[in-house]
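Across the two complexes that follow, chain A remains constant while its partner is chain B and subsequently chain C.
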Partner chain A sequence: MSTTFLPCGEYHESYREDHAWWQTRFIKAKMMLLVLILFVGIPLAADSYWLSVCNQIGYTALGALGVQLLIGFCGQITLGHAAFLAVGAYTSTLLILEFPWPTVLMDLGLAYPISIFIAAIAAGIWSVLFGLPSAKVKGFYLILTTMAAQFITVDFVITQYISQIGGRGQAFSLPPGTIRIGPWVIDSDLKVYFMMIVLVILFTALVANLLRTRVGRAWVAIRDNDISAEVMGINIVRYKLLAFFVAGFIGGVAGAFWISNLAAISPEHFPWFWSLWLVGVILIGGVGSLHGVIFGSIFMVVVMELLQMAVLPLATSYPKLLMDFLFIKEAAFGLAICAFMIFEPNGLAYRWWQAKNYFNLWPFSY
Partner chain B sequence: MGEAAAGDAGDVLLEARDVHMYFGKVAALAGVSLEVRRGEIHSVIGPNGAGKTVLMNCINGLYRPQKGDIFFKGMRINELKPYQRAALGISRTFQKVEVFGGMTVLDNIRLGRHIHLQSGILSGALYVGKTAREEIENRQFIEEEIIDLLEIEHIRHKPVGMLPYGLQKRVELGRALALKPELLILDEPLAGLNLEETEDMARFILDVNEDPRWNITCLLVEHDMGVVMDLSHRVLVLNFGIPIMDGTPSEVQRNPDVVRAYLGEEDLYATRR
Partner chain C sequence: MDLFLMTLTTGIMVGGIYALVALGWVLIYKCSGVLNLAMGEMTLIGAYVSLSFYSMGVPFLLSMLFMLIIGFILGILTERIFLDRLIGEPVLTVIMVTVGLSFFFKGTLEFIWGTDTRSFTPPVFSIEPIRIGPLVIGQVYLWSFVAAIVLLVIFVSFFKYTRWGLAMQATADDEMAALSLGVSARFVYAAAWAIAFMAAGVGGTLLGNINGLNISVGYLGLLVLPVVVLGGLNSVPGAILGGVIIGVLQNFCGAYLDRYFPGGVKEIAPFAFMAVFLLWKPYGIWGWERIERV
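Coming up: the complex of A and B.
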C-alpha cells in the first residue's frame, strides 16, 4: 500500500517527479491547506482544553513514531518504549535543573533546546543498549528483552536512583520559567502546541525520508526477510541497532518535549502501560505506515477524551464511575484493539489509502 | 567487468576446495571441489538431498563449512559474513523465493543496490543534494538496465507479496542483478515455473551471462536437465554430498555413473520435452 494511483490525466515525465512527495498540484494545495490549518486554524479555533488534547496527540505520535519504526518498519517488536521517553525526559530535566549552564546560554534560552538534543542522544544510546539482544533473538524473545528495558530503566534505575538526586525523593518539579526556547518561555498550551507541531512534522518528515533511502529500505528488508537482506549486502546487526538508535532518539525528543507540558516529572509518567499503549496506537493506526502513527494517535487520544466526556456527566449520578475511570479507559483500549484486529487488521491507514484510491480512480475503478 | 567474453575459459573466479559440511553426523558435503571460471555458466546437479543448496549456502556464507576452503577472486572468503561476500560481488537467488513481500518491486530491486549507495542516517533523513541525486541515478539504472531487461515495467509499483510466483522469481532475479555481481548463484531459478516462464528465465540467464554490459558468471542449480544441458558450459554432479564428476554437458551425459545416480535408466531429456 505504498503508492496510490495517480488521478486520471496526471503523468510523470521524469524520475524526479515520480520521487516527489507531493506529486500533483491538487496534493500540493491539499498539504498547504493542512499546514495552514495546523499553524493558524487550530491555534485560533481551539480553546485551551482542545489544545491540550492536540498536545497529547502530538506526544503520543512522537512516541509511537519510534515504535512504528521498530515494529512496523524494522520488525523488531518492542514493549519498552516508555523507558526511552523516560530517559529523554529525565536527561533533559536534570540538565536544565542541575547542569551549571554558562550564563550566555541561559540568557539566550538555549539550555532547553540543547538539553533536548543531548537527551535524544542519551535515549538513543540507551535504546541501542537494549537493542543489542536483537542481534541474536527474534520475535517473542525480543519482546521480553525490550520489556526488560522498561523495568530496568523506569522501575529500577530512575525510581531507585535518579529520583534521589538532590534529595528530592519522588518527583522533580519544574519551576515556571525554566523551560524556555530562546526568548519564549513555554508556559501555555498554545506554545507547547507550536513546539509539538514543529517536532511532529519535522520527525515525520525525517523518518519518511529515511524510509525512501538506503537505510530505511534496509530496515524494511530486515522486517520482511532478514536472511535475504543479509545476502543482499546488509549488515543486519548494524541496521537493527541503527533502528533502535533512531527510535530511541525520537523517543528521547518526545520525552524531553513532554516536560514542557508538565509541572513536575516522576516515574509514574512512564509506566509500562504507556509502552503497551504506544504499540496499541500503531496497531490501530496501521502497522508499517507513517499515516498510521498520526491516525492512531488521533484516534486513541480523541476516543479517550470522548469517553471521559461521556463518563463525567454520568458521574454525578454514579460517582463510582469516576473512581473506575482508569479501568474503563483500559477496557476501552483493549476493546478497540480487539475490534481493529478482527475487523481492520491493516488499521486506519489502510482505510485512508482505500479512500484516496477510490477518489483517484473514480468513476472507473477497475 | 566486461573484458572476459562468455565462454572464454578465463581465470578461476570461484574455487571451492575439498569442502566438508556436516549437520550432526550427516555429511551434507564430503569433499566437494569446484572451479568456476569467469564468464561461464557452471551448473550443479544431483538428486534431492545431494547437497547442492548446502554447497551454495557455503559459497554464499549462510553456512560455514567445517573443513575446506572457498576462494573468490583468489581471496579466501571462509571467514566472511554473507553481507561481506555480497560486497565482493557474490549475489544469489533462492530456491524458495525470498523476496521482501511488503516492499514494491521497485524497492526490492533498489534494495539490491544497497552496497552501491552511500547515504546514511543523516543524509538519508535530510534527503538533499547528493542523496536525492543518488536516488534518481539509481532509479534510472534500475529502470533502464533491470526492469527493461526483465520486462516487469507493468508491476514496478506493486507490492511483491501480491504477485504470482513466476513474477516473484523474476523480481528476485532482478534484485540479485541490481547488486551488479560478478558471480550470480541461481538456486533452482526454474522451479515451479510454467514452460513459457522457464523459457523467459533461461533467456534472462543467457542474456546476463553473454551481454558484455553484464557478463555475469553464473552458478546454476537446476533440475530441469534440458535447460541445464543447453545453458551450461560445465556441470558438476553431486550425489549424497559426494562429487561424481565435473565436466562439459556432453561428458556428463555420457558418464554411466551420472546416469545411474541421477538420471536413472532413462534418456537425459526425459524430464521435460
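Coming up: the complex of A and C.
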C-alpha cells in the first residue's frame, strides 16, 4: 500500500530522487498549495467556530499519531492512550501553575514551551512504564495492560491525588494569560490554530522520517512478525519500549497543547472513551498510514459536527435530542467503527491511495 | 475478625455474579475466538430490560424470563449482523467491532433510559439482613449468589449433557473436526452469543438489585476482563474461580486499603492486580498456554 505509481513519463536518475519525499514538480506545487491553505487560507476564511473545529481536528490528529505509531507501525495495540495525554496535560499545567519559574524565563515567555517539553518526556516515561509488559505479553493481554494504564492513571492517580495538589479539588483552572509562548499570549482560537498546525506538521514530519530510518523499519518488522524480527537481530524489547516512549511523547505534547484551548482541565477531559476514540480514528483513517491519521481525524470530527448541525434544527421540536446528543454521538461512533471494520477495513487512506493512483496512471491504466 | 468474615462472604457472593458474566465471555471466546469488550453493555441491556418489565408490574421471575428471551434474540441478531462477517479477520478488527458495539449499545441505552440511577421498586429482595452466627448478610447478596450458582449449574450441565452444549464444546475444542462431524459452526457462534447475552443479562439484573441501576453498572461488566485473565481465557472453571477471587479481592481492597488510599481503590484494584498478574502468569490459572511456532 505504500507504493504509489509515478505518473506516465516520470523516472528517476539518482537514489536521491528516488528517496525524495516530493518526487514530482506537481506534488511539490500541491504541497506548497496545501501549506499556503493551512497557514493563510484557513485563518482568513474560517470564523471562530470553524477554527475551533480545526483545532479539535489537530488535537485528535496529534493524539492519534501516537496511537498509529503503536498500533499501525509497531503492532502494539493500545486502548489507554488518553492516559498519556492526561499525563502531558497535567504535567504541563502543574509546572505552569506551581513551579517557581525564574523571572527571566517568565519574561521571555518560555514557561509554557519548556513545560510542554518536560510534559512530553514525563508522558513518554509513563508510557514506557505501562509498555513494560509488552516485553512478555502481546495481543489481547497487552490490550488489557494498556486498559489498566488508563484506569490507574486517570481514574485513580489523577482523580484522587494529582487533583488534590494545591487544594483545588476537581479541576485546575488556567487563568487567562498564563499560557504564552514568547511574546504571544495564546488566548484566541486563531493563535491556538497556528500552534496546532505547527505542532501537527512538525510531528507528522518527525514520525514520517522516523519510519524511514532503522528504528522505523525495526518497528514495522516487529509488527509484521515479532519472532522473525527477533531472529533477524532486532532487540524487540528495546524497540517496543522505544515505540511506547515516542508514542507517549507525542501524546504528552498533544495533551500539553490542548490545555491552551481549555479554561480548566479535569480528569473528565481524558476518559476511556477518548482512548477508544483515538483508536477509532486510526481504524477509520486506515491502520499503518500517516495519511490515515489526518483523514481519520478530519472525518470523525467533521462528521460529528455535521451530526450536531443536523440535530440542532430537530431540537426545536424534540428538545430531548439536544440533551441527549452526547449519547447519539456515542452510538454513531460505535456504528461508524463497526461499519468501517466490516465494509472498509483498509480505511479512508486506502481509498485516497486508489484515487491517487488512478489519476497518476490516467488516461492509460495499463 | 468480623469485618474479615463479612468482607469475605460479600466478596464471594458478588464474585458469584462476576463468575456468571465471565462464563458468558469465556463461552464466546472459546467457541468463536472473539475477545468481547462489549460485555459491560450486554449486562446493562439485560438489567434495563428486566427493570422495565418489573416496573411495569410484571413479577420479577417473569420479567427475568422475558429478559432472557430478548437477550437470546439480541444475541443472535448481534452475531448475525456484526460478527458473522468477521470470521477470520485480525484480532484488532474483531476487538474494535466489539468496542464499536459497546458504544452503540451504551449510547442507545442512555438515549432510551437516561443516566439517572433507577432501582427496582418495590425491592425484589427484602432489606432485612439474614444473620448466621456472627455473619450479617444482606438478602440481596444471598439471593443473587444463589441465583448465580443455580444458573452456573444450569449452564455447565447444558454444556456437559445436552446435544447443543456438546456441539459447542466440540467447536471450541477443534473447529475443523467439529465441522467435519456435521456441527454447524454458524449455529454454534450464534448460540454462544445468545447464551452470553442471557448470562450477562442475569448478572446485570442481580447487580442492579444490589445498588440500583445506572450506566456505571456497565463498569462492573468490564471487571469480567480481570476475571477471565485470572482464570484463563478459555477455561470455564477458571472463569468461576476467577470471578470469586476478583470479588473477594475487590471487597478486601475496599475494606482494608481504602483508609490508606482514599477514593477508588475498590474500582482500580482488579485492574492493577490484573496488570501485575499478567506479567507473572499471562495464561491465567487454567488457560491453555499457546506455544508459538513460526
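Observations on the model:
In the analysis below, the second predicted complex is superposed on the first by the 366 of 366 C-alpha atoms of A that agree within 3 Å, B and C clash if a C-alpha of one lies under 4 Å from a C-alpha of the other, contacts with A are read in each partner's own complex, and residues count from 1 in each chain.
Keep in mind that, in the parts below, a contact is a pair of C-beta atoms (placed from the backbone, for glycine too) under 8 Å apart; a residue touches a chain by one contact, two chains touch by 3 or more.
Since the model is a prediction, treat every value here as computed from it, not as a measurement.
Partners chain B and chain C fit side by side in the overlay (superposition on chain A).
When the shared chain is aligned, no partner comes close enough to touch A:I118: not chain B, not chain C.
Looking at the superposition, the partner that touches the larger set of chain A residues, chain B or chain C, turns out to be C. In the superposed model, A:A264 lies in contact with neither chain B nor chain C.
In the superposition on chain A, A:S228 makes contact with both chain B and chain C. Using CA centres, the angle subtended at chain A by chain B and chain C is 80 degrees, rounded to a multiple of 10. In the overlay built on the shared chain, the residue A:V303 is in contact with neither chain B nor chain C.
Of the two partner chains placed around the shared chain by superposition, chain B is the only one that A:A218 touches, whereas chain C remains out of contact.
In the superposition on chain A, contact of A:L97 is made with neither chain B nor chain C. Of the two partner chains, neither chain B nor chain C is touched by A:A315.
Applying the stated contact rule after C-alpha superposition, one finds that A:D324 touches chain C and leaves chain B untouched. For the pair chain B and chain C, the least inter-chain C-alpha distance in the overlaid model is 7 Å. Comparing the two complexes, residues 225, 227-228, 231 of chain A contact chain B in one case and chain C in the other.
Of all residues in chain A, those touching chain C in their complex are 71, 77, 79, 130, 133, 136-137, 139-141, 143-145, 147-149, 151-152, 155-156, 159-160, 225, 227-228, 231, 273, 276, 279-280, 283, 287, 324, 326-338, 341-342, 345. If you check the complex, the residues on chain B that touch chain A are 60-62, 81-83, 86-87, 91-92, 94, 98-104, 107, 110-112, 114-115, 117-121, 123-127, 131-132, 135-136, 139-140, 143, 157, 159, 175-176, 179.
Those residues of chain C lying in contact with chain A across their complex are 35, 82, 85-86, 89, 91-93, 95-97, 99-108, 110-111, 225-226, 229, 233, 261-265, 267-268, 271-272, 274-275, 278-279, 282, 292, 294.
Only residues 1-3, 15-16, 18-19, 206-207, 209-210, 212-218, 220-221, 223-225, 227-236, 242, 246, 288 of chain A touch chain B when the two sit together in their complex.
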